[in-house]
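Below you'll find the structure I mean.
So that you can tell them apart, the chains are marked A, B, C and D in the order they are listed, and the count of residues begins at 1 in each.
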Amino acid sequence: MASPTVEPRRPTTGPAHRRGLVGWFDPRGRRLGGLAFILNRLTGLGLVLYLYLHLMILSMLIQGPNAWDDFVDIALSPPFLALDVVLLTGMLFHGLNGIRVGLVGLGVVPNRQKALLVAALVIAALVAFVGALRIFAGEQGG
Amino acid sequence: MTTNLPRQPFHVAIVGGGGTGGALAHDLVLRGFRVTLVERGELTSGTTGRHHGLLHSGARYAVKDRESAVECIEEREILRRVCPGTFEENDGLFVAITDEDVAYEPLFVESCLASGIPARRVSREEALRLEPHLNPDLKMAVQVPDATMDAMRMPLRFFASAKAGGAVIRPWTAVTELLVADHLVSGIRVRDLTNGVEEEIQADLVVNATGPWAEQLAVMAGCDVPIRPSPGVLLAVRGRWCNMVVNRLHPSGDGDIVVPQRGLSVVGTSSWVVDDPDDLGVPEDHVERMYAEGAAMIPAIRTAERRAAWSAARPLIGSRDADSGRELSRTFKCFDHRETDGVEGFVTISGGKGTTLRAMAETTADVICRKVGVEAPCQTREVVTLPHTAYYAA
Amino acid sequence: MTVEKQPADRPDAGPRNAPVFVLQVISGAALLVLLGLHMVAQHFVVPTGLRYYEDVIAWLGNPVVIAVEVAFLVFVTYHALVGVRAILFDFGFSDRAERRITLLLWIVGIATIGYGVALFAAILNAA
Amino acid sequence: MTETVTNARTTRLVVSRRKEGDDPGALRYDTFDVAVGPSTTILDALVAIRRELDPTLTFRHSCFHASCGTCGMRVDGREGLACVTPVPTRDEVTVEPLGNLPVVSDLVVDMNVFYDEFDEAGRPLVRADDLIPECAPAEGIDQVERYEDCIECGICLSACPVAGSDPRYVGPAALAAAWRLIDEPRGRDPGPVLSLMDDEQGAWRCHLAWECSEACPSGVDPAAAIMRLRGAAAAARVRRLFSFGGNR
């Protein structure tokens, strides 16, 4: 009276719920660290774009004084100065957050992560604010 | 798996993915049976998983239920051997707070020793040195070989070994009816909840290992099983307030145990009786009582943050009219429904405790062997089970 | 309490290639210095932040400035493209595709640095 | 078990559903209105739904008190154990399976994928525990023992943005388990595990989003463990660099 054997059943599974690439930039449900992850990538990509933009602009120097001096006049107008402030903020955050990622990422201060992150955000914001004032005030430097 | 026996022709279908079902699948596979186990939810999602995690030394039962006490201490030694690295073996303390507790101590210690359970009197000072968070007003304590287990991972070792031995383990598979014709159960009809497909599984024998749901399944075969679901409330608070298991030294009552679980402490338990094991509820007054009784032993529990409070339904065997669950016997029984209801091919195993899952499986497997005329000794006292993570190996 | 043989007890697979992250930290640290120098030398010391043509040419005449700027260009290009690579590698491409991405980025990197150096030369000659 | 719900309010649970044979592209949700009391958890609500409204709803659970690790889920996009996540006081709550693991049925994910990586570290379940200085072992016990904090719930893997886009990443759980073995080898050679995890797809893939540690219900802090693992790996490489004749 041997009854048939039952086969083991491995249900075919559906795809995992992955946040994927779009998920990187979806701040919902994210905490401070996750926002730093997003900001680091955004500022990073922004700086890479700026690197090549900067090289293109510097290429105008070959065409001699007129082209370059006209560009400088435009670059000193308020909309461009505003862009400079954005660039400065991005640089400050990416750099300071980089210090956190570098130190913590090599196991130097693994339990200080949040403190370093908060410090990075605060310092970046402060210096960016001071920088903005000086940029718009027109007189700069030492 | 050392199965040196010829492959048996018999196929056993086990209903119920709790500790008993897992241990029985492991035992039967070692005895050469072909096994299919079905469970409507996740494994151990019934009573098994909600257990507070005490690996019983049996001391709690020594005075009033000697049979259970002896059963526990024997099983504890076997489980340490067949499930190595699965228990926190820090022993336990029965603490005496009031004079009545102290008066209870001689009978308690003598009953423990008579049951083969080592019990050592511990002075107040030594007890506080071992567990600094104990109530400073304690009078004395008794050290017993209690240990703690993970109520999901320890049984999962048996499922992992059964599965590796060829048992077919099918969670998410609900039994819709039993295949019964003129007093013979020939299999089960199931629905696979992962795709809604219904199918029949033929079996030479169906085992009802559904714990407090035993009666609901037995009714499907026209059988009757005197199982009363007796829920108890358990409270988990944040903070590991003890390493040893802390019990109250008095006749068994409510809230008389604190079991450490990782970063939590679990206080248990209370007891009442219900009919439907699916609808237990968590009465707040019971939770309050856990806080109070737990704080009597460890004052810090009074203000500890509540992590969770839940109910677990113990399957207690006894006559219908028992109103409080505690008098019912905590040992287990295996019902061969040919003898109790004249129905062939259907066996129910129920009652018992988390610690005695292996012994319950051995008893049931012996009954099954006798019913189908197979000579196969039990091997689960020696065979070491696989780690629980092996269950998830592809 | 005996614990059965665990996967951890298999023979040591030995070290693999150096982690790119360590190089990224090194280049990042270098950038903190070089970017600082660049910002001060090129922008902060100038009252309006940007130099007109003659000042630029005069300023670029100083070989130290050129050296710092080229070093800055090398490190920032490397750091930038390794960053891009890390982001691209999170897309879960195949190993073959990733090798091709790495090669492509090396080409872009060298081209960028080459262009930069050539640009300096061209600017100074044209002046 | 349900809360005998006194001053109950009704909350709408929007539950992600998936059965074998479903179109993999289309996400499907069912809505259930559930009576919710002050201490009703997501798990309580799901158990009530299964008993009263839809018995085919599948979800994993076992201990009901954040000790077994089976009921990890995403509630309104954030990972948590259903058994200790109170039903939020919003009118509508979304319940989805853990991320980054294949879905078996409704809220059940395939944990085999998780354990394939996790088991590599070979972490023991119970360790001798010297964390608690003031607790002395009882007579006859040579060392107080304790379960590892990690309850293998998979929540950290689900919360990780890197794992969210690349399945090859070993994941925080396995790396944290490996670190605990390296940090307290207890007589075992941690070398093989360190080399295993000192890899582009291992410890070095982490981008310090720290989401795993924020989401961990047991306070394991896997992110810090990964960073310590990286420190140990970097140190081992430096030693190997300057060991000249030494083989490792």
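The criterion applied here is as follows: a residue touches a chain if its C-beta (ideal position, glycine included) is under 8 Å from a C-beta of that chain, and two chains touch if they have at least 3 such contacts.
This structure is a prediction, so every number in the text was calculated from the model and none was measured.
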item	value
Result of counting contacting C-beta pairs for C-D and B-D, higher pair	B-D
Nearest-to-centre chain - CA centroid comparison	D
Averaged-CA centre spacing for the pair chain D and chain B, given as whole angstrom	26
Centre-to-centre distance between chain D and chain C (centres being mean Cα positions), rounded to whole Å	36
Rounded Å distance, chain A centre to chain B centre (Cα mean)	54
Rounded Å distance, chain A centre to chain C centre (Cα mean)	16
Chain D: positions in contact with at least two other chains	20, 104-105, 119, 124, 126, 145, 165, 167, 207, 230, 234
Multi-chain contact residues (two or more partners), chain B	85, 89, 172, 194-195, 387
Junction residues of chain C - those touching two or more other chains	1, 3, 21-22, 90-91
Contact footprint of chain D on chain C as seen in their complex	1, 3, 6-22, 86, 89-92
Chain B-facing residues of chain D, complex	1-4, 19-21, 39, 41, 51, 55-56, 58-68, 70, 83-84, 104-105, 108, 111-112, 114-116, 118-119, 124-126, 129, 132, 134-141, 144-149, 151-152, 218-219
Contact set on chain A toward chain D in their complex	11-21, 23-24, 28-34, 36-37, 40, 100-101, 104-108, 110-111, 113-114
Of all residues in chain B, those that touch chain A in their complex	9-11, 34, 36, 168-170, 172, 186-187, 192, 194-195, 201-204
Sites on chain D touched by chain A in the complex	16, 18, 20, 22, 24, 74, 76-78, 96-105, 109-110, 161, 164-165, 167, 206-211, 213-214, 221, 223-225, 227-232, 234
